[in-house]
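Remarks on the structure that follows.
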Amino acid sequence: MSVYLLRRLIQAVGVVFAMSLIVFIGVFAIGDPVEILISPDADQIERERAIRALGLDLPLWEQYLIFLGKALQGDLGRSFVFNEPALQLILQRMPATLELAIAATLGAIVIGLPLGLYAGLRPHSLGSKAIMAGSILGFSLPTFWVGLMLIMVFAVQLGWLPSTGRGDTVEILGMRWSFLTADGLAHLVMPALNLALFKISLVIRLTRAGVRETMLMDYVKFARAKGLSPFRVTFVHVFKNILIPVVTVTGLEFGSTIAFSVVTESIFAWPGMGKLIIDSINVLDRPVIVAYLMIIVLMFITINLIVDLTYSVLDPRVRLEGK
Amino acid sequence: MADAPTPAAPQGAPTLEVRNLRTHFFTRAGVVKAVDDVSFTVGRGKVLGLVGESGSGKSVTGFSVMGLVDPPGRVVSGQILFKGQDLAKLSDEEMRKLRGNRIAMIFQDPMMTLNPVLRVDTQMIETVLAHEKVPEEEARRRARDALGMVGIPSPEERLKSYPHQFSGGMRQRVAIAIALLHRPDLIVADEPTTALDVTIQGQILAEVQKLAATTGTSLIWITHDLSVVAGLADDIAVMYAGKIVEHGDVGEVLDKPLHPYTHGLIGSVPSRNRRGEPLRQIPGMTPSLLSLAPGCAFRARCPRAAADCVEMPELHPWRPDRLARCHHPHLENVEQVA
Amino acid sequence: MSVALQTAPAAPAKDRVETPFQRFVSEFCESKLALLGLAVFTVIALVAILAPWIAPQDPYDLAVLDIMDGRLEPGSKSGDGSITYWLGTDDQGRDMLSGIMYGLRISLTVGAGSALLACIVGASLGLLAAYAGGKTDSAIMRVVDLQLSFPAILVALMILAFLGKSVMNVVIAIVVVEWAYYARTVRGTALVERRREYIEAAQCLALPTHRILFRHLLPNCLPPLIVIGTMQVARAIALEATLSFLGLGVPITEPSLGLLIANGYEYMLSGKYWISFYPGIALLITIVAINLVGDHLRDVLNPRLKK
């Protein structure tokens, strides 16, 4: 187990370095670093001085080592727009994005799992066919357009929910959260649903496929032969088996949920990292872009690592092999 | 023990009496008559060997008795009298109360019958609690005793294991222990030793024989292996293409088969007595149940087939307690001895 | 009756001369849903191609736009009564129907174009990986695996962050996002194919490598490539729309469907839904139609599903 853990950790560190190299080359070699790192308003003399100060006259590999050294100390540059450390800026926005992504993931499971279960248990019923057609639509619908339609229906036409923003927040552990106030919760519903749409379809399909596959297993028939109630057969014997792939995939998808929150945050003016990165790309605030990319790569690799480990805990067979 | 009501169960009624059972599968390609007019009786404490090739309908017969035939399959007609009570007429809930309680089943592949993500104790205790309201501690004690009974060492520890930590033979013992938890009147065993090593197979057989004898449990032993039946069963029913083609006392049938199919089946088993002789074999393949021509299903492969075989023969009592579905049975077998 | 009897024996003979392509066509036609998808997509493609001739208005010609006609409801007439805006107008007084037709042009061009480009790049690298094997193979596949572990939108954002916003960069971003799927698919199929005798025969004839790769190996990798390609065109169109909606895609002077939707965003809150709604419907229908075709293509071309 510990050997496995160590190998996965080394792999993860390797990927982080590879990504830091790609981001570095992307920003410093492909783009114009002067334009990226020095405010466009600076005059010629300031530029010369800045180039020397930033070490842009040094060879590329030396620049990379400096970049890496600073990055390891948590220094990813200062935002031109906000004139604050880029990293700090990102970290301030992170709770909002995390809250949205967690709400969307939970929503996908709470909505998708029962629907998928139903579609798997009664594959030929009309309801199941409607659910499956809905899930195809969920895969095809452009997320951003659905977001607009949600606003149109629930905020503009019906006036049930607020259209944008986070609403009232409560501060816990130095971070602001929306879900603890009624107003904040009302603000959270639509963006979370919008972000969850694709995942709901995914969970429905996974659950349905899992149920149909598991129902054919001998151990389900044996469970019925033991005289267990249909309820227990479904919710203990079948459910526990499909939970493993569903949890794994939903977990792995958490990273992409965070990435896709870029779109949702832009629509609902949700003040998270995604909205910040779009604004930053639009005004060429490159230190923030670099910081965002590095943070999100780090998050991704951490999530993959956690999912791998969770998987081995959930499935007793994997646990044994790892030992 | 909350027995389902058994109205007018006559004293000394057989444990199971199946009459004219038909189980059909309604597939897109057509109706598959997997079990077509099957009748047999299993007496109290008796073992019936249900023999046939794969696809002969022997497993579906077992599942029909258990009430576990899944769509597109359905028991179309016939009676399944369990201690005088027709199982085919019971509601799902009434059937569930009998299943695993009075009638238990053991499956073919022990690697697949236990749920891989649930511990053995969970899977045993739930079986106890499905039929009896007892404290969990009591249920656990019974599970432990059952494991001990089927010869699993240190049952207390093994209860906490997951199925994948057991070998195939051990898993089948666990499955048998689960089947025995409520001391059922009938166990349907669907090729329970086929997937096991020969030595383990022998152990399990001996174990089951002992248990059946001590508890008075009746058994339906479904298999394609004649040698297993020879040592274990009291009666034998040979199935071919959804029908019973021969039925009788196991010794009689194996020594003096009447039906050419049974005859061929026995001849294709390698035996010490006929060492050196070429093995006889049954030519051809099992017919597809979808496109079954009228008449005897075996006639295309039968050395004795004649013109009248295009008419389906009845299951005829050629001798007392010797039934065979054939126009031209091997009567010389019985006459020689008589 | 006698006619039927006569034609019946002829049928098997016809089956025997059926080419793989004919069989593919007849199998494809079995699904009504897929045919509907294909028909809808054909109409959409025709509309996009013929937009300059069939659109009621040239939405880019500022001279014909009348700002007084801005944000008119669907079905209203223009101020001078010369034109009916069936789907309403946007804030510039542009006819939405015409805007959507021209927008489809851009969406389809960028989507299909970049998917094709990605296909060429990905298939070539996949073939190379399968044919060369060894270090080349593992290097290419390492990059593929790494890239596929990150979501498309993130990779696209990264590219646009490096290169800045422009249509060309959107195309590059989509190619970078999608090539890995093609590469993985082609490599998988090619690895199976290259062990077949006909490749050995070609090698024995000392044919040049590029000839073996593209004339012999590639045609046999086509079925999975077509399936992936169809799906990826839909994905490319959706990705382009998303990026344009975020303001990172096509310029405002040549709006694709995504940008049209974005333009309507601010008017949505005041109840003027049509500026965003109809382009979205057009986008949705396009993507669903392609997915329906792709879904069925996968069933027809997947040998594992064949009975």
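First chain written, first letter: the chains are A, B and C, and each begins at residue 1.
To be clear about the criterion, contacts are C-beta pairs under 8 Å (C-beta built on N, C-alpha and C of every residue); 3 or more make two chains touch, one makes a residue touch a chain.
What you see is a predicted model, and the numbers here were worked out from it, not measured in a lab.
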Pair of chains ranked first by number of touching C-beta pairs: A-C
Most widely separated chain from chain C, with each centre as the mean of CA atoms: B
Chain centre separation (chain A, chain B; CA means) in Å: 54
Averaged-CA centre spacing for the pair chain C and chain A, given as whole angstrom: 26
Distance between chain centroids, defined by C-alpha means - chain B, chain C (Å): 57
For the chain A and chain C complex, residues of the former touching the latter: 15, 18, 23, 26-27, 30-31, 136-137, 139-145, 148-149, 151-152, 155-157, 163, 255-256, 259-260, 262-263, 266-267, 277-278, 281-282, 284, 286, 289, 293, 296-297, 300, 304
Chain B contact footprint on chain A (complex, rising order): 217-219, 221-230, 232, 236-237, 240-241, 244, 315-317, 320
Touch list for chain B against partner chain A, complex: 66, 68, 92, 96-101, 104-105, 107-109, 112-118, 123, 126-127, 130-131, 162, 164-165, 175, 178
Sites on chain C touched by chain A in the complex: 146, 149-151, 153-154, 157-158, 160-165, 234, 238, 241-242, 245-248, 258, 261, 264-265, 268-271, 273, 276-277, 280, 283-284, 287-288, 291
